[in-house]
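All chains are identified by letter, namely A, B, C and D, in their written order; residue positions are counted from 1 within each chain.
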Amino acid sequence: MSSLTLNGIVVDDTFAEAFGMAATAIVVTAATRRWAEIAAASFTGFATSVIGCGVEAGIDRMVLPDETPDGRPGLRILLFGFDHEGLSRQLVRRVGQCILTSPSSACYAGAAGRTRLKMGGSVRHFGDGHEVAKRYGERRFWRVPVMDGEFVCEHETGLVEGAVGGGNLLFLGREDAGILAVAEVAAEAAAAVDDAILPFPGGIVRSGSKVGGRSGGIVASTNDAYCPTLKGRPGSALSREIGSVLEIVIDGLSSTAVSAAMRAALHAATSVGAAQGLLRVTAGNYGGRLGKFQFHLKDLLA
Amino acid sequence: MSSLTLNGIVVDDTFAEAFGMAATAIVVTAATRRWAEIAAASFTGFATSVIGCGVEAGIDRMVLPDETPDGRPGLRILLFGFDHEGLSRQLVRRVGQCILTSPSSACYAGAAGRTRLKMGGSVRHFGDGHEVAKRYGERRFWRVPVMDGEFVCEHETGLVEGAVGGGNLLFLGREDAGILAVAEVAAEAAAAVDDAILPFPGGIVRSGSKVGGRSGGIVASTNDAYCPTLKGRPGSALSREIGSVLEIVIDGLSSTAVSAAMRAALHAATSVGAAQGLLRVTAGNYGGRLGKFQFHLKDLLA
Amino acid sequence: MSSLTLNGIVVDDTFAEAFGMAATAIVVTAATRRWAEIAAASFTGFATSVIGCGVEAGIDRMVLPDETPDGRPGLRILLFGFDHEGLSRQLVRRVGQCILTSPSSACYAGAAGRTRLKMGGSVRHFGDGHEVAKRYGERRFWRVPVMDGEFVCEHETGLVEGAVGGGNLLFLGREDAGILAVAEVAAEAAAAVDDAILPFPGGIVRSGSKVGGRSGGIVASTNDAYCPTLKGRPGSALSREIGSVLEIVIDGLSSTAVSAAMRAALHAATSVGAAQGLLRVTAGNYGGRLGKFQFHLKDLLA
Amino acid sequence: MSSLTLNGIVVDDTFAEAFGMAATAIVVTAATRRWAEIAAASFTGFATSVIGCGVEAGIDRMVLPDETPDGRPGLRILLFGFDHEGLSRQLVRRVGQCILTSPSSACYAGAAGRTRLKMGGSVRHFGDGHEVAKRYGERRFWRVPVMDGEFVCEHETGLVEGAVGGGNLLFLGREDAGILAVAEVAAEAAAAVDDAILPFPGGIVRSGSKVGGRSGGIVASTNDAYCPTLKGRPGSALSREIGSVLEIVIDGLSSTAVSAAMRAALHAATSVGAAQGLLRVTAGNYGGRLGKFQFHLKDLLA
């Protein structure tokens, strides 16, 4: 593989392979910013990988009071699933478990899209017939009686077409702590891009995986080519001086968003990398055989 | 219902009805406190109610470096499920999705108990045969190669017998913001008790529920007796001056822990309540028909 | 005083009276966002009022890696003082105590302006002759040897002409907790405006003051007209139903910034206010006798 | 200097030299934990070194509702100064600027001691004659009217005899990020010890200093012996493989507290150090000529 350079750091001339996903977005508001954050943290927990958690989710951005339907502080959350049905099921369940339950919260559509996902339309049944429908222009809401007043929940939100899951970058360097600092900076830069989230804890994955494994029946197993403790073995992709590798994974509502987030992360990481022992940046792919999208690192250098 | 008084606040002479649950505990460590917190937040997300999330989970307490097997900062997490099997499934899945993936983390048993729940014993298969078994005295661990070194995960943790889910208190008062401040103080006091967690967002629930609903086929629906917007109707438990109600729900590894947490919360809430418009404290039960445990508020006054 | 209405809340037809101040800005960076925040929290502590603390300071906004001179995560901090000399003294002292000391940090100019304030130009002496000057184009920096490498500090930053201190709004309502929630939302909306900060704890003041006092020699004392416990007395500005008052105070690099922040806060507060017992919004002034700037609330309604 | 070993890490057989200081403590409470934290963060900001800030301060520990005079969540803050007078001045000023001003807060004595420091006794004058004295048993309080009710402030707190400032440890290792992770773990372990605080940002200092400098008139300058960029020069204390050094500084209400905090930090740091490139731990002293206290590392190994 030939290689490129950015800010003095080696960048492989390769690509991240990513997948088409079903996606949607909601806006959670509450009486104070802090309570919107608490509800959103519960909602986006255990949502690192769609295979294991049923959904990938994260906070996209802060929504200021003047942008929310109720004039309160809010957060926009993105959700990604395999398909409409799975996404719908996770959306309703997580709104019911984590937003409906949380003091003072309300929940609104965060995405347009002709295909609709029921939200308040399902959760309203918690009201046991006491819920009340509201309509403002085109938008429909439910007011469900709860112990601190009413849970206001929009009837539905929109399915986003063309969403992408699995944009990624791998950071290879000398030592754990330095590479973690690099990955933190990269994850923050990517997360600041609108319409993109990083579903793993703190935005970072350290358990890169390959499809399948040596024993049959396993879906995914450790990406031994990138494990420093397996460096001596055949098939290792790591040169002698690499002591640690971390990955960031990016899901976006569009390929443009994923590309912008990868670019921001790549530039941020290479800017700070020299002082932290970053030696090389690469990306994960399956030879182009599995995913619909390819994000070539050489296109992100400028 | 007769009533009692604590710190000048009315306390109903009633009880919280709670249930036997299967429980376990783990200790998550990482290179820094902050990364242990990030992994634990992901692990304990979407875990408010076992019916909707498959598990109830929360952070029990900080574990200082000198208490952890690897001398690093840690957090103890408690998990509660219906039974051994369901708990086991959630444990393995959440360790795999939220701890294995998180930079620098390790995962250890957090509870003794003769019945064992596999943890590293399952997650180790991610190592694709490169994982290595370790034994220290009675304890068995797996070292699974990952990109930042090795994920150390204890082979199994213990099932806690006699765990209790659903300890609770309801705070009734004049206005939302005051009752939220009271519930925050109560939740903090309860969370400080060892072996007890509060699984809902920020420890607080505002969507109290009753079993079933008016239309068939619904598992639970809003507890209309405690909804301020339904105050005029027959069956309301709220007097005219009540404008807001919030609940805290407590799960504990023993009835002693739940009782101690409820006591701490009751005393804290009534101490600060007068200034915040708290008018009454009560607890939720099903007439003693469903749950194995009864926590009588009159026993918690001293 | 005649009154206006916004989102159904009474707004006094009055003005906030504010003062000309000397101001400057810096950008603090660090290896990770978290360490930039830790340094900035130390730097901006004990900086609520220029009379008591020598300076008013706060975090203006997050600076992303691609905006900082070193490509690392940063925060922009604003400082306000009475005059060039006092501001300069506080700047150098706080950089030396709170940024120079903090792991991995660097410190850059955050404001242009023909008049210059020495920063690295003073702090460099800590290097004891080992410090090295650097120049990039027009900008000069010092590299001061410290134990984790070098502290990079820009030679000087700029004095901002036309800065304004003391923009303010007062929120009057029924109960403490509700008014605190309103003030939190207002403070957040104001803080989101660029070039403006709120120097008090969490952006909010509860100890409104008047100039002087009944006994001689006191600079400022409680604004008894707005104290709910003194409501019955002559001179009270509070009607019977007011139980709590909180204020936000805004400093900005320009009157435009202060005005924008007050507008954002006013709209956010009145949007959420009805549900929280907000009854009236007003502003503090000295009859126009002391301050150079007047921000009339009627100009902020649209 | 001969050397010792702990957890496989070299520990110099040396001592930390520390100083007698005047100290006191307060307990800040608020309606919620979060607002106690906000007030305490403001109060303890710009308090890293008594020479530059007039005081050293930090949060000692969380105080649960059942331990505070008003049954609300609280935090205990420690303050250290050169002498009674300087400490007193900083105490009153910081209470007035950062606690009096902060919504819902109250302020209580946090230390006994026959010598008393006025607190409410001074701040009460803000009440302009409307303040009211209260007495509970031996303790005297002031209720000062403010806009959200009353600021309750205890009349005085106690001066702690035998307080110690300047306990310290230095961590020497290969790379910045690894040593920062080690220092974070050490700082957390030390901060968990009661009656001890770490006044620098995040508990850590990277600008170690020596007394005086090469040019006259400078109080302190960089400790060139521990600067990695000056490693080649005569007088360097760093061997070739050391790339980064960080220090933690500990102030305590007693030498016992400082010693316990240093021990906890030393054990935590060496436990996690091997994986983070920690090569050596040492401590700072002036040959025993300046400070009254010596904390020998060899006494902390067990």
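In this text, a contact is a pair of C-beta atoms (placed from the backbone, for glycine too) under 8 Å apart; a residue touches a chain by one contact, two chains touch by 3 or more.
In this text the structure is predicted, and so the values were computed from the model without any measurement.
Engineer: Show me the overlap between the contact partners of subunit A and those of subunit C.
Structural biologist: Common neighbours, subunit A/subunit C: B, D.
Engineer: If I list every residue number at the interface of subunit A and subunit B, are over half of them used by both copies, so same, or under half, so different?
Structural biologist: same
Engineer: Could you please state the distance in Å, as a whole number, between where the Cα atoms of subunit B are centred and where those of subunit D are centred?
Structural biologist: The answer is 34 Å.
Engineer: Taking the mean of the CA coordinates per chain, how far is subunit A from subunit B in Å?
Structural biologist: 26
Engineer: Quick one: report the Å distance separating subunit A from subunit D, using the average Cα coordinate of each chain.
Structural biologist: Computed value for the inter-centroid distance: 39 Å.
Engineer: Listing for subunit A: what residues touch at least two other chains?
Structural biologist: 31, 34, 149, 176-177, 180-181, 275-276
Engineer: For subunit C, which residues count as touching subunit B in their complex?
Structural biologist: These residues of subunit C touch subunit B: 34, 174-178, 180-181, 275-277.
Engineer: In the complex, go through subunit B and note every residue touching subunit A.
Structural biologist: Within the complex, subunit B touches subunit A at residues 31, 35, 38-39, 41-49, 52-53, 93-94, 96-98, 100-104, 125-130, 144-151, 170, 176-177, 179-180, 183, 200-202, 204-210, 213-215, 218, 220-224, 226-230, 244-247.
Engineer: What residues on subunit D touch subunit B, complex-wise?
Structural biologist: Touching subunit B from subunit D are residues 7, 31-34, 64-66, 70-73, 149, 181, 184-185, 188-189, 192, 264, 267-268, 271-272, 275-276.
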